[in-house]
Amino acid sequence: MSDGPGRERQRDVYIRGAAGETPDVPPSYEKLRDAAREEMTDEAYGYVEGGAGSGDTALGNRRAFERRSIEPRVMRDVSERDLSTRVLGDELSAPFLLAPVGVLSIVHDDADTGMARAAASLDVPFTVSTVSSDTLEDIAEEADETHEDGDATRWFQLYPSSDAALNRSLVERAENAGYSAVVITVDTPLLGWRERDIENGYLPFLDGEGLANYFSDPVFRGSLDTPPEENEFGAIQRFIDVFSDATLTPPDISEIADYTNLPVVVKGVLRPEDARRAVEVGADGVVVSNHGGRQVDGAVAALDALPRVAEAVDDATVLFDSGVRRGADALKALALGADAVMLGRPYVYGLALDGEDGVREVVENFRADFDLTLGLTGLRSVDEVGESVLRRSE
Amino acid sequence: MSDGPGRERQRDVYIRGAAGETPDVPPSYEKLRDAAREEMTDEAYGYVEGGAGSGDTALGNRRAFERRSIEPRVMRDVSERDLSTRVLGDELSAPFLLAPVGVLSIVHDDADTGMARAAASLDVPFTVSTVSSDTLEDIAEEADETHEDGDATRWFQLYPSSDAALNRSLVERAENAGYSAVVITVDTPLLGWRERDIENGYLPFLDGEGLANYFSDPVFRGSLDTPPEENEFGAIQRFIDVFSDATLTPPDISEIADYTNLPVVVKGVLRPEDARRAVEVGADGVVVSNHGGRQVDGAVAALDALPRVAEAVDDATVLFDSGVRRGADALKALALGADAVMLGRPYVYGLALDGEDGVREVVENFRADFDLTLGLTGLRSVDEVGESVLRRSE
Amino acid sequence: MSDGPGRERQRDVYIRGAAGETPDVPPSYEKLRDAAREEMTDEAYGYVEGGAGSGDTALGNRRAFERRSIEPRVMRDVSERDLSTRVLGDELSAPFLLAPVGVLSIVHDDADTGMARAAASLDVPFTVSTVSSDTLEDIAEEADETHEDGDATRWFQLYPSSDAALNRSLVERAENAGYSAVVITVDTPLLGWRERDIENGYLPFLDGEGLANYFSDPVFRGSLDTPPEENEFGAIQRFIDVFSDATLTPPDISEIADYTNLPVVVKGVLRPEDARRAVEVGADGVVVSNHGGRQVDGAVAALDALPRVAEAVDDATVLFDSGVRRGADALKALALGADAVMLGRPYVYGLALDGEDGVREVVENFRADFDLTLGLTGLRSVDEVGESVLRRSE
Amino acid sequence: MSDGPGRERQRDVYIRGAAGETPDVPPSYEKLRDAAREEMTDEAYGYVEGGAGSGDTALGNRRAFERRSIEPRVMRDVSERDLSTRVLGDELSAPFLLAPVGVLSIVHDDADTGMARAAASLDVPFTVSTVSSDTLEDIAEEADETHEDGDATRWFQLYPSSDAALNRSLVERAENAGYSAVVITVDTPLLGWRERDIENGYLPFLDGEGLANYFSDPVFRGSLDTPPEENEFGAIQRFIDVFSDATLTPPDISEIADYTNLPVVVKGVLRPEDARRAVEVGADGVVVSNHGGRQVDGAVAALDALPRVAEAVDDATVLFDSGVRRGADALKALALGADAVMLGRPYVYGLALDGEDGVREVVENFRADFDLTLGLTGLRSVDEVGESVLRRSE
């Protein structure tokens, strides 16, 4: 074993194993999830794992990966593999980022700063959610601390609020705090019908979780009669009132793209015409995603939607999430047109299990797995990943 | 969260949840069914849940839904959604009715009146079965009590008896009691071979259940030597003799359509030519249904039959039942040509679990789920639901 | 409920049920099998249930039924249904016979005579196996005793032995004992690799089971140095030596067809060209069968082979077995070209559970189920069953 | 029952069974695996059973077999069956060999010599792994001891090392020790991401297992400062450094083919163009294989790849492994173009369960199963196996 994150990780794990030390975070996603569940409250686990309605969408996401097989090439020199890629001006050490996930505090006290510190320490970009548990400024600062150059790449995800001034304030704060892209989520004009949360009567925001960016925002504060420190209930009430903009249409995207210098990505697109429209009105890219199955019960598998969308927006950036669990999943998404993928639940479970360290383990495993899968497929760089490496399972 | 039954229901549940109160009736159909089972006798559960023969038909009904995916549109203003629709002259607050289900007394003492009161209180139409546990007149009266305008929309379902005068008497009673449509079930010339009931030796009618409309009917009573109050066994015997008309053909439908002023719907149709024939002889519409898998073991999935039937009877009303469990199911059936769907087992399990209140919870959850699914699909009204929102799962 | 075996059976069961009496033999095949297993030795259960190798063939047989759905017609007068049909000159009260199954004594002491008495009492033809536990003459005599006209229809199944004279002797004995057809099994030139039996080291013949027809046969006895009564081991040895004719080719069929007056059916055919060849050399029909999955691991599902074979031998009789469990299965096989089906494991489990009575219950349930399924499909006779009642499940 | 390994094995097992003796090694692969697991450490079981990543590849291998059915012919004289075939100049008593499997010592003390002795005693060729637990010379010697002619057919598998001189030394040693073919594995330029091993922190080589051929090799020893006997850690370190050649390309194959007199087979090919290229540069054949699902997570099923590869390299030898469990699997692979198959995990579990004897039982069962399946399919020799015996499962 020599170079590359895959062989390095293998060597590290096996050598520690020979010395009797086994990893705390299982490399199997299913085992990781089950182990994390043990550490989480039922409410938190239900919130993270649960999908809309029947859960068929999340299941369908996985099936879509299983329906595609990899047809590896052999007898190619794969001793050197270059995993890096450029996305929206950012250099990625490997073709994935951490996806935005809200209210991480319900999962572990390390929450967003733990997530960000782990990602930054491995030079993997991350995306901070609008409903993060720490302020976007604090998260940025902590991330820079662990990054080798003190300059961690971070993106900011925006849930468009019905208060346009608040949206602008949040985007400008992100810009000021060194974020390099804005991801506008458009698949949440309403909150999905999430049966587990309904069963538990659980919406973490109502407990004041995930509102750090709001409570610290001058526009949001200005819209309150009394500051959150004095009247949390009233502030939560205001959040509920403005949280999601069910009236959002392409001109709203356009407006944001106009006032920010950052590249704008529209997240939650499954139809080619929607992707095309987003780009027409100023987006630099899209994230093909069904929100991990959390919004529309019975929605098409995100991976099935990916090639149609990628074809429709040829020059724009195409990212992908929803169901990515292992290196082979990333390879398949790249082969179907994604420039990079976003990793969600896996790191959340790593966080649940072992905080910042758990996220780091998950990310290292994922990167190692991707590196080896790439090489064993006979490829040496992200550019070489094309549709010809895939075959429909019969 | 603001307007519409979906957001209202979410707000209500989450706010109650934040105060420590969780709902008695699980929003998940599977959990609801399992919880209801605990409250029911084995015989009653077997009767409600059981299908004909192997049970493959009921399973196939679900698979047919799973084979269709929803392809949501984003960046559309879905802040206002109009769920209402007109079916056979009735205004529906949302595109569904409660399906006719017999012998509800085996499930809960609230039985049909509980069902009807719950539905009426939410302005959702319901269908009273020929073999209801209360008389159709009593049910109508109770329903009007809980309806906001004192005028609950109700339909009457007729199992054609071999005594034509009895059929006419029942239909005229329904007409007099303010029912606004007659649903003639044509898939039960014989009773299906229901293995669970055979195993349990259980047919509730033989215990005198579900015979309220017969025992109170002047024609039925006139055909007895001794009134049911004095000789229940003899009355049950007579019921058995006349219950189902295995000779029914299109002219029988025609005859009923001629003597009633109410619109007539033929329920239990799976073939286009049968649907066309029903309309030709005077029916105003059909219900595509395989009786929830209770009649023909191995019958085609009702959802698979729906588009063919809908195409065949273009102008007539097309309703659908068999396997509808969640909002997405309703959306899919509408997309394939149904004007509205009928909800069966879900409300029966709500009734089993918590009587009238349980039905109300189930109906509220279903409507909320449909509302949100509609909006998250990018649609604002029932009219906008078309086949283009669906995609065959790959 | 009025006429026909379906409604009669329903009435009988439900009325007994209302009086608190439930049936001993579950109508569900799966429950029947599981209940029977409790009454059987592991070896016997393994022998009956087990398939060749992986068991995929038996599983595939069921899947093939599940892949076809019934598309019922409604609004047809189905009050009178005629289940009878003629097969090879015999009048069948319903389109099925009991399949030949060997060594029934390992399952219940009533063995073949119990099976035959039950079938005859219901006027259902049965097929006696070469390796029956009672002599074919005794079985015939017992069957006639319970038949209403004292004349039970029976067929004889021949495992061709390598001793041609023995084959002729057996066939002539059957002819003399009033059997009306000879079923020559051609899929057993070798015994399949049955893992459960190998695991149990169990072949019932080695314990002397199933050899009644051999030990009583003058040709077989003449080939022994010492009669079986005195040297059972030697007789078993001889049986092993001659049991199956691995050299059998079409001329052997021809020879048998020449010397018997009975119609000859070739059982175990899956390829059209084999069926055609069998008919060319003198067979009157074929049984499409993969021996219930007991011979070739991974063989095509018998139901998938049926339409191709039926088309190939247009005028000859086509029977079917392998996987028939319920009325709908029989209907599907008829729709795909079978003139009648053969029922195997279901009655064996009835026998295991309750001897002769158990077989009777199983047969009555099967006939009732078929009758109702036929009527609910909108059909009134076996002749009306055609391919148009089926649809490929999507 | 008379001739052939199938009937011989049946007779043997059943007669022993009648005497109360049942086999120690279950004929069912699944039961065998589960029984073996009980005898193995978790680490060893995880190493043998585990696949890359999700394990989907191994699952897919099995599904590919299940998707093909056998369409047997009947009424053919199959009393004599010739299982023999020639592969690369070697006479095979049946169309299969034992596949190379490394570090067998973690499974049972009998390890490779046990495997080889069992195979040789049954005149079945075997393949010794580069990372065998005994030296290739010792294994050869032991094998010859049990072979009836004292000349057991054996092949040598080479994991190309980055030290070309070491490769040459190993190949020449094999040639000198009477091996008759070299199998070059090309699907392991890197080690797959095996989650179970990662979870267990287990790589047996780090414990010094499987290094017999290295530690005994003059070239390898020459590359060490201190001999392994004195510094095992350093020797293991060197092994890790050179183990796998991630730079391997077709010229490396060519080089080996040039310096050895033995036929060369390239193992781990899934793409037609790779197979063609291997043959162009001097290989005599290929093994279509995805390494039993151990290398690329989500790789195409080996059986699905087989016909494409077989067509591409018409005249060269085509072998197959990955998922072969039973006789029918071998038949299917032959039908799709393989000249013979390689058996892996089944014999490893036999070894785990009962050492050399366990391997023998497994091989005898497999051969018996293949023999009977061949005959029952209506075939008398390996040559008669063609694609026409298969049918896609519907």
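In this document, chain identifiers A, B, C and D correspond to the written order of the chains, with residue numbering beginning at 1 in each.
As a working rule, a contact is a pair of C-beta atoms (placed from the backbone, for glycine too) under 8 Å apart; a residue touches a chain by one contact, two chains touch by 3 or more.
Since the model is a prediction, treat every value here as computed from it, not as a measurement.
Colleague: Both chain A and chain B are touched by which chains?
Modeller: none
Colleague: Do chain B and chain C face each other with the same patch, meaning over half of the contact numbers show up on both, or with different patches?
Modeller: different
Colleague: Please flag the chain sitting at the greatest distance from chain A, going by CA centroids.
Modeller: C
Colleague: Please work out the Cα centroid separation of chain B and chain D, and write it as a whole number of Å.
Modeller: Going by mean C-alpha positions, chain B sits 60 Å from chain D.
Colleague: Mind checking the centre-to-centre distance between chain C and chain D? Centres are C-alpha means, answer in whole Å.
Modeller: Their C-alpha centroids are separated by 42 Å.
Colleague: Give the residues of chain A that touch two or more other chains, as numbers and ranges in rising order.
Modeller: Residue numbers touching two or more other chains: none in chain A.
Colleague: Would you please name all pairs of chains that touch?
Modeller: Listed in label order, the chain pairs in contact are A-B, A-D, B-C, C-D.
Colleague: Considering only the defined contacts, which chain A positions touch chain D in the complex?
Modeller: 1-2, 6-7, 10-11, 13-18, 21-23, 26-29, 31, 65-66, 68-79, 325-328, 331-332, 365, 368-369, 372-373, 375-377, 391, 393-394
Colleague: Quick check on the complex: what are the chain A residues that touch chain B?
Modeller: Touching chain B: residues 52-54, 56, 60, 64, 67, 186-187, 189-193, 195-203, 206-207, 240-241, 243, 246-250, 252-253, 266, 268-271, 274, 277-278, 290, 295-301, 304-305 of chain A.
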